[in-house]
Each structure stands twice: as structure tokens, then as C-alpha cells.
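For reference, the structures are reproduced in the following blocks.
You will see chain A twice below: alongside chain B first, and alongside chain C after that.
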Partner chain A sequence: MIQIPSHYKKVTDLHPREEIAPGSALCAGCGGLEGLRLALKELGENVFISNAAGCFTLLSVYPFTPFRGSWLYTTMGAPVPAAQGVRDALDIQRDQGELTEEDDFQVMVVAGDGSSADMGLSPTSAAIHRNLDFIYFCYDNEAYGNTGFQLSGASPYGSRTQTTPVTKDHPAGAEMRKKDLFEIWKSQNPPYIATVSPREPIDLSNKFAKAKILKGPRLFICLSPCPPGWGFDPRDTHVIAKLAVDTGIFPLKEYVDGQVVHTRVPRKRIPVEKYLERQKRFRHLFVPKRQDEIIQKIQDGVDHYWEHYS
Partner chain B sequence: MLRVRSHGRGGQGIKTASQIMGTAAFLSGYQSQDFPLYGAERRGAPIVAFTRVSQKTILERGPISLPDLLLIGDETLLEDPQAAPICGSDEQTVLFINSEKDPQILKGSFNLPSLPVTCGLTKLCLQYLNDGMVRSTALGAAGARLTGRISLEDLLESVEIELDVMGIAGQPLQSNLDLVREVFGALNPVTIKEREESALSPSKLMVLEQKEVQDAAPIITATRNMVQRKTGNWRIHRPEIDYEDCNNCMICYARCPEGVIEMDPEGKPVIDYDHCKGCMICAQECPKHSIKTLWEMDYELEPQ
Partner chain C sequence: MNSNLNKKRMLTGNKAAAWGARLAGIEYVPAFPITPQTEIVETLSQWFADGTLQGKFTNMDSEHSMFMAAGAAAATGVRVFTASSSQGILHGLESIYTVAGWRVPFVMVNVSRALATPITLEPDHNDVMATRDCGLIQLHAETCQEVLDFVLMGYKIAEHPLVSIPVLVNLDGFVLSFSREPVMIPDEKAALEFLPPFKPVQPVFRASQPMARASAVFGGGTYTYFRIQQDLAARQAETVFNETAREFAERFGRTYEPVERFHVDDAEVVFVMSNSFATKGKSAVLKLRKQGIKAGLLKLSMFRPFPGEAIANALAGCQKVAVIDQNLAPGMGGIIYPEIVTAMYDKKDRPKKILSVVGGLGGKDIKEDDFLSIVERLNDSESKRPLYLFDEGDWSQFQQLQKIALV
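Up next is the complex of A and B:
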């Protein structure tokens, strides 16, 4: 059993230094940015970021960067191969004594759910297979947000996206279920996998504190409420993130030593419709006519998941 | 041909406003063309949309650099060098600004080429839609009315068509239609002098040179220089901390996605207004409700 620190107890424990400078063009109220901000507070400045095309393209727009460390921009499918190249180069420098352990970088992939669940999945699987030493941060806003919110492999059943409009023949919008990236990674047995929420900074920071001392592929899936895509006022980002956890739709968990542990189990799960009804992408489930069957199907999916754990 | 350019911020419905004008003009028997232009930036960032209206077939394409009618949906854009909404307008351009201010004062403060037409659309949107933004319908109605070529009936039908696509029906649709009637009634058509249509000429193809990667790829060697970009003018609302009431719990600091709330040496939260985008998460999350939501517009600069 690995001894793992868990030193965050309250928000006042958060690291006071901001690693991401303000001024980026990301949307006001971006949930993913909050997740990355908290993550980098824990990881510090010696992080090399390999960024897949996506919303977070906007983090660094030439000639500006918000980071102290390095940032490399890649295509949607290639953040992990790029990370492999950088890790290899750093390892060679370490072997030749040109780079000390202190100056070494934590190599981190930052990618959206489109890249993580669709385009970049195959090279990611190969990198896990090769036991590449890197952290993977997936900001999951459940669609291709930057291009106008098209369906991705991580879009949930019953949500409206640009490419799954609600029609008479397709009253649910998206009819496919969300890919479970956690389980996909787990099947390859990497050292660490976790889901995190921007609304839970303590939980998030403790998970990054654990992961940063481990070696090998480590995944974080950060639920990223998206004001324009999901259709809610930017001020409600954390309200939506909290509802995702409290309804049980987004379980906060981690996978270490071959065990899945839920780090926050909602005592009494509130009905999923409390989460759905606040977002325009699910509005068709309530107006003009309530679609009980679809709402129930979403609820059943959540109930089925938690049956194993409570 | 009438060329209309609309400026606003992502999320305010500027693209839809241009569509409403285009569709309404089409219903009124004109040829029309409408499209938005924005970079990778999204909500809150400056965006621009174009509408062309003509009795003849429209062959012109691309952005409108010399507008006949310029609609500015957000007056904070006037001092934004990135948006530069006044760019390309002259004395002949009819300016419309969503503002409660005196047109003379606006003209003086922002060095406008002509006296603008103004109407406080934001307040009307608040009244009809319970929404503190210029909505597409209000700006689209203002633009359509100013041209003097579009009837109220065609405008209302156009709004129904465009909002239907967005899934807006029932009471929200009725509120939007009431808002359109109000804006239509509040403004009078203006005389717009259309510019001559110049003959279209093909431009020469540019052959790009293949360069070495170190010359061709953009590399940034500074760190954290993003702070030079001020995003404070994105704000529609302004959060203000009531320090009498604040107990320094740091929740606002923890929740701010931009990281623009800093804890000062005395342990008090301080908001960096140069960069705060006005998402208002801090006001929503403050356990003691010690962060007030104010209108950004009350903080506008005084006339020169």
C-alpha cells in the first residue's frame, strides 16, 4: 500500500500562488479553467503542458502565455505523443546529467473530452501501455465546446448538442450514452485515476497531491460546467457542479492500488431532474412537454451505478 | 445596398440580431445576407456581425469595412481597442448605441464621427426579459426600425422564425415580441445614405514562402505575459465586496476561475478589476452574501 499525503482540510489551505495568469480569452465562468487553476496550485510551476486543440487553445494565444512553465500546442489527436516526445527528451537529459531532479518537469497533458474520448484515445491507450510517466487532465464539458458545442463521445444521453438537435424522430437529442473514460483507463490498470470537480477544491487538491508523487500514467477527469454550451448563467457554474455530485450523476472517485474508492458519496441523492432542469441543453425534457420516460432513463442509469456502492 | 454592422459581446445575441434583420428584410421583399465574425474567443469577448440588404442580387461577400448603419450593442466596447467598433465609419454612417447617455456627451467622450442615435435597450431587456443583456431581439428590432424599410409585421415574423430555431416558444417568445414592439415604437427611421457599389475586382493570389520551423512557428519566451491583456471590459455586472460584512472565509478566492481575487496581507479578498470578467460566481457563492452585484455601466468614464 502506497503511503499518500492528504493534507488539505479547508479552503484556507489552498496554495496562495496563482500559476495561471488572468487575461486569457476563455469564457467567463469556465468550470474547466477553475479545475486547472486548482490543479496547478498543487502541482506548482515545474509543469510542462501538452495542450490538445480545444477550448483551452485560448489559454495561450500568441504572443501571450498565462504560464510560468512551458506549454506546447498540439492537434486534437496528438497531445499524448507530444508528451511522450518531451518526456523522452527530459529522460535523456536526466541520464546524461544535464538535468537535475529538482529542475525536471512533471509532464501534463491538458485535453478536452473530445480529444480524450474520441480523437486522442488510441495514442493515449498506447502510451498507458508503454507506462509513460505523465498526468492527463481532461476537462470534460461533454461536447466539442470550442467549435460551438457538437456531440462528443462524452456527451450524455438526453442532451441537445449542435449535431444532435431535438426533433420529432429524436426527442432525446443525444441518444448515445456517455463513454466512461474512467473505466476505459481502468481496464489498462494505470497507477492512478480520479474524477474531480471544480466545486470541491479540497478533494481535488488532495487527489493531485497524491498523484504527483506517483509515476506512470495518471488520469484526472474534471467535470467542467460550460455556461454557453450547457446553457446557464456563468454565475451558476459551481451550483451546477455541486448538483452534478449531489444527484450522483458525476461520482467523485479515485482508483489507486487496483481499488475504486468514492471520495464523496452523496448521503441522499437528489433527483437528477434538479440538475437537468437548470440547463438549456436539457430544456426539451421539460418544455413544451415533460418527457418523463427520458428523465427516468437518466435517473435509472444513475441509480444503477450507485447500487454497487451504497 | 444597405450595409449594417453590429457589435457586441459573445452571449448578447449579436449574431441572432443580424439574422433577425436579414430575415425581416427578406420577408419585406429584399435580398439579404447575414453572418457573424469571431475568432476563437467566445462568451464576453467582442464579436461582430454583418447584414447586407439590397433590392438587387447581392454579390458582395466578406466583412463590411464601411458600414452605412453601425449598431453598437454594448457601449463598453467603445473604448475597447480590440473591438474598435467605430473603425471604418464616417459622417455618413448612422450610429446607433445602446446607451442611456446623452448623445452629445457620447460623441464628445468617444470622438464619434456623428451624433449617435441612442436607446437604453439593456433596461428594456431587463424589464421585458428579466435579463440584463442586450438581447438579439432588441438590437435586431432597433436596426430594422432605423432602416425604415422593414414593417413591424415582417419584423415580428422574423423574430418568431429565428427564436423558433433556438427553441424559444410560449411565454418567453411573447415577451420577446412585446420587447420588439416597444423598441420599434421607441425609435424613428433615419435617413441612411447608401454607399455606391464599387465594381468587384479579383485580388492577386499570394504565394506563401516555406520557412524554417524556428522562423515560422510562433514561440513565446516570456512567462505570464497574459496579464497584459485586460479582460475587465468584458464585464456587464461588477462584483463589489462589502468589507464591513466580509469575514475573510476565502470562498470567493477559492471559487474564482480566473484567479483574480487575491488575499491581501491582512487576509482580506481584493478583486482585480482589470481582469475580472464579471462571471459573478463570487457573488453567487459568498456564504454571507457580502458581495454585491452592480451594473458595470454606472462606472463608465465621465465626459471629457
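Up next is the complex of A and C:
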């Protein structure tokens, strides 16, 4: 049993350091960037980031990097194998007595949901199988965001993407359900999995505090409200992120010691439409004609999920 | 040379590759099996498991993952070896391009095998030609001895400060990978003196020296700068190969050049070949000479960087040249042929005729008769099309199969 006290109670408890400098090419109001900023406040500067092709690739554009730690751009499908190569090389050098403890670092993958749920999934599964000692940070904006918002395995049912247009024959837009990356990872029983939200910094920080002292594959799925893709004003990122949690659409939870624990259980869940109606990607569910059946199906999915936990 | 330094053993091409890696003191092998390469990684996994080699052997999940792990480990400062073949090379191609651009030194072996479709097992060179433009250094081995020697030399070239590029050593599947030949295995101490432990010239990933690597660039100018740098470094590798080969010859008594001339100087007809089938070509040259035909053979040991000047010098004054490509670019012909023609174009004493020959596909033998038909074609035909080594006998054999297929 892993006993780690939750030591952060309020925002002012969080570490004052900043590991990501401001002024990157990312969009205003990017929820994922706020999530990564909070994560690195907890992890510190001794972090090596292996990056998959995606929005966050624009964080380091030659000759700039916003990070105090190290960064390696890889490919869309192989950020995890790169993490494997770096971790293996460090382990070899440590065993040879050629690497001091101060020179070692936390190996971390930073990838979007497209890489995480689609192209990069097979190598990720293999790395979990090999018990690779790394942290996986997935910024989940529920589509291929960097290419202009096309369907990914993580796009939710009923959302409009550029490749699931809404038509008379396809009134829902995306007709598949979002892949459950949490459950996919869980099936391989890694030491730690968590969902986090940039709107819940205390919860997020406590989860990283817990994960950083563990070894092995550790996953963070960070819901990443995306102003241009989801269609809302950048200043409303926190509102959208909060509604995702309060409607129960995005459950905050962790998997540790073989148990799933919900870390924020909405006392009374707000109807999902309050979350949906604020985003252009779901606008077709409300105008020109309200599509009750689709909205209800989304609500039923959320209710069905929480039946097990309340 | 002290004869105690060397021992001679019967080794397959695959075992010779593994021995080359072992003598190079490799520390890391990310691996994925594929016929006909598997024996290499099996041998290395045994040596890591029983303590013969120190470091780590990691079973990867694909070649795409494997080449990425190889590059990332090299960027972190360990000596890396890996191997693949055929479809594996194609599956890993994105990663090969990527890590070549990182300018990290390591050695990979490709055991050539023809590509799908149709899927098959025996050798030709379309797989290694697919990596032609990736930014790798390519050394092509004819014998098991060359396989071992090129792997050892490969590290020295890859790790040279002016190069810092991965090296690919190519050998033919089946014909060489599974054939045992006598191979001189250099003494461990002598190998270590030739190739000391890896001391990276570029910064490696360390917490105390954070860096961003392979960051995105915007603007063609910045992109072009990095690409030209890669080109210049690759071109340097020919000089570095020659320096390395000189030192290798002094220590081990075996001499290598980017191109090997076999009875070329007085030849009227020269076959340009690479890899194990060059042995068949050499045998044909000797037989043709007995028949009064002044034949010769030019073997390409280095294919990237392309040793254009060395090729042009070797072929200067020769009247007829046949470039035998064991690969096929449909709609174009042999892949090496236009490169040879380009190397000769501005030479005053260039050959009167350079014929493109496509043969040895999917392990199809190149027989003595084939060399004779190449000579005849060079003497007679004005056809601009490649000569395909597929004769009446091959045609009737295929018809037998087709009859069954159509039942």
C-alpha cells in the first residue's frame, strides 16, 4: 500500500517555481499548456521531455526552448521508444558508475491524444509491458488539434470535427465513442494512472507529488480545453474545464495499488448540456434544431459511468 | 603483424555482424526480429544474458520503435548497435530519417531481403536502396569478413567528429547471412586499440546540461542550413573512411577502398556490382578472360556518400560498362545506374556505352550465362531499355506455376 499524504491544500501551497517560460507559439487559453505548467512546477527542472508530433511540438521552435529541462522532438508514433532509449542509456551509464545521481533525470513523454490513443498506442503498450520507468503526459484536446481539428480516437460522440462534419445523414458529427485511454492503460496494471484538469491545480499537484516518487510507467490524461478547436473564447478555458468536471463528463480519478479512486466527485452533477452548449463543436446539438436524442445519449453515458461510483 | 592477435573461424554473415558489434564494445541493442536478420540479435541477446557483453539488450515492439530507441540512446551517450531487414527497414524508415537528422553515431546492419509485394524471403537491394536518401553512411559487404570489418570500422566513421552520422552495413540475406566463411576475428585488445570506448563529441542528455534537440524550424532557410550541414558531413565520410581503412590495414592487414577494382585497368567491359553477388561477377570475369574477353568488375563497397570521383577514375577509359542493379524502380529501372551515369557524365574519357542491367531480384541467381548475355547486349544492342535477367528458361518455369494457379 502506497501511503502518500496529500500535502497541498490551497493554491498558495504550490511550488512557486516556473519551468516553462511564457511566450511560446501555443494558442491563447490552451488548457493543456496550463496542465503541463502545473505538472512541471511539481516535477522541477530535472526532466527530459520526449515529444510527439502535435500542438506541443511548437513549444520549442529553433532557436528557442521554454523549458529549463531537456527536450527532444521525435515523431508522432515514437515518443515512448525515444524515452526507452534515453532511460536505457542512463541506466547503462549509472550501472557503469558514469552517471551521478544529479545528472539523472525523470524521463517524461509529452504527447497529444492523437498520438496517445492512436499512432503511439502500440509502442506505449510495449513500454508498459517492459515496465519502462517514465511519466506519460497526454494533453487531451479530443482531436488532431495541430492540423486543424480532425477526428482522433479520443474525440467524443456528438462532437463536430473537420473530418466528421455534421450533415443530414450524420447529425451527430462524430459517431464513435471516445476511447478510454485510462482503462486501456489499466488493463496492463501500471503503478499509476490519473486524470487531471488544469482547473483543479491542487488535485493535479497532489497527483504528480504522488506519482513522482513511484517507479515504472505512470500516465496522466490532462483534459485540455482548446479554444480554437472546441470553439470558445480563450478567457473561458477555466469555465469549460470546470464544467467538464462538474457535469461528470471528465471524472477526476487515479489508479494506484490496483484501485480506482475518484478524487473529485461532483455532489450534484450539472446536466451535460451546460458543458456542451458553450462550445461550437457541439452547437449542432442545439441549433438550428435541438437534437434531444443525441444530448440524452451523452447524458446517459455519463450517468451510466457514475452509477458504479455513487 | 603478430599472428596471435587473430583467430580464424567459420562464421555466417550474421554471426560475423554480431562479432563486429561485440568487438566494438557495444553497450546497447534495441532489437526486433526479422528473417534473415534474427540470428544477429539472438546472438547478441545471448552475449548480454551470459555477461559476455555489458550493458542492455531491449526487446522492442517494432522497427519504428527500435530505430527511435537506438537514436535516443546514442544521443544519451552510449554505443548502440541494431539490425533489421526488408519490411522492417520500411516500417522503421521514418525513425531512420529522424535519427539520421539528429546526427547521432551508431551502427545498424541491414540484411538485404526483397520487398513486398509479392512477399518473399530471399535477397535483393530494394530495402537498402529505400534508405539511400535518409542521410546514412552505407557500406556494402561482399564477404563475411567484410561484414565484421565494416561494423568495426563503421563505429570509427560514425563517431568521427566531422561525420557524426549513423552507419548502415549491408549484407545479402541467405547468400551471406546464412553462409559460413572463414573469418579472421581480431583480438579484443587490438580491436579496443583501434576503437576505444565511445566518447561523444556532441553534448549528450544530462540533467546538468539541459538542451533542446531536434526542435521544429520555420522558414526554408533554417531548414536548408541543417540539411546542407548533413550533406557536408556525409560527404566528409569518404575521407574519413579512407583514413579509417588505412589505420585498419596497418593494424589488421586487410585493405578496403570505397570501390574495389577487379581486373579493371585493362578491361574493355566492366560490370559494376555490390555485395555478395560480386563474388559471382568476379568468377565470371576470370572465365571471360580465359575466353579472350577483357572483362573487369567494379565493386561498390561504399554507396553513401556516393564515391563518384573514385568510380569515375576507375571507369575512365573503359569502353563498355554494365551496371547490375539488384533492385528495381518500376518505371525507371535500376536505381544505381543513373548515379553511375551521373558520375561519368562530365568525364572526357567516359565509356561509350553504359548498360543498365536488372537482375538477382528476390534471390534469383545471376548465372555465368547471364554475364555472357550482358557482354553480348553491350556489343550488339542499341536498346535504351534495361536488360532484365529473365530468360526463356525462367519464363517456362513461371508458366508451369501459372498453369497451376489458373486451374
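Quick note on the criterion: the second predicted complex is superposed on the first by the 308 of 310 C-alpha atoms of A that agree within 3 Å, B and C clash if a C-alpha of one lies under 4 Å from a C-alpha of the other, contacts with A are read in each partner's own complex, and residues count from 1 in each chain.
Following the convention adopted for this analysis, a contact is a pair of C-beta atoms (placed from the backbone, for glycine too) under 8 Å apart; a residue touches a chain by one contact, two chains touch by 3 or more.
Small disclaimer: the values here were computed from a predicted structure and weren't measured.
A.B. asks: Could you say whether A:Ala89 touches chain B, chain C, both of them, or neither, answering first, second, both or neither?
C.D. replies: second
A.B. asks: Using the superposition on chain A described above, determine whether A:Ser122 touches chain B (first), chain C (second), both, or neither.
C.D. replies: Touch partner of A:Ser122: chain C, not chain B.
A.B. asks: Does chain B (first) or chain C (second) touch A:Gly29, or do both, or does neither?
C.D. replies: first
A.B. asks: Counting only touches as set out at the top, which of chain B and chain C does A:Ile20 meet: first, second, both, neither?
C.D. replies: In the superposed model, A:Ile20 contacts chain B only, not chain C.
A.B. asks: In the superposed arrangement, which partner chain does A:Val61 touch: chain B (first), chain C (second), both, or neither?
C.D. replies: both
A.B. asks: Per the contact definition in the header, classify A:Arg283: touching chain B only (first), chain C only (second), both, or neither.
C.D. replies: first
A.B. asks: Does the superposition put A:Leu214 against chain B (first), chain C (second), both, or neither?
C.D. replies: neither
A.B. asks: Could you say whether A:His238 touches chain B, chain C, both of them, or neither, answering first, second, both or neither?
C.D. replies: A:His238: touches chain B, not chain C.
A.B. asks: Common interface residues of chain A with chain B and chain C?
C.D. replies: 57-58, 60-65, 67-69
A.B. asks: Going by the contact rule at the top, pick out the chain B residues touching chain A in the complex.
C.D. replies: Touching chain A: residues 10-11, 40-45, 167, 169-170, 218, 220, 222-231, 234, 249-251, 253-260, 262-263, 272, 275, 277-281, 283-285 of chain B.
A.B. asks: Name, in rising order, each residue of chain C that touches chain A in their complex.
C.D. replies: 27-28, 30, 54-56, 58-62, 64-66, 68-78, 94-95, 98, 205-208, 210-218, 222
A.B. asks: Going by the contact rule set out above, which residues of chain A touch chain C in the complex?
C.D. replies: 45-46, 48, 50, 57-58, 60-65, 67-75, 77-78, 80-86, 88-93, 96, 99, 102-105, 122-123, 125-126, 130
A.B. asks: Please output the residues of chain A touching chain B within their complex, sorted ascending.
C.D. replies: Against chain B, chain A makes touches at 11-12, 14, 16, 18, 20-31, 33-34, 37-38, 57-58, 60-69, 146, 160, 166, 198, 201, 227-228, 233-239, 280, 283-284, 287-288.
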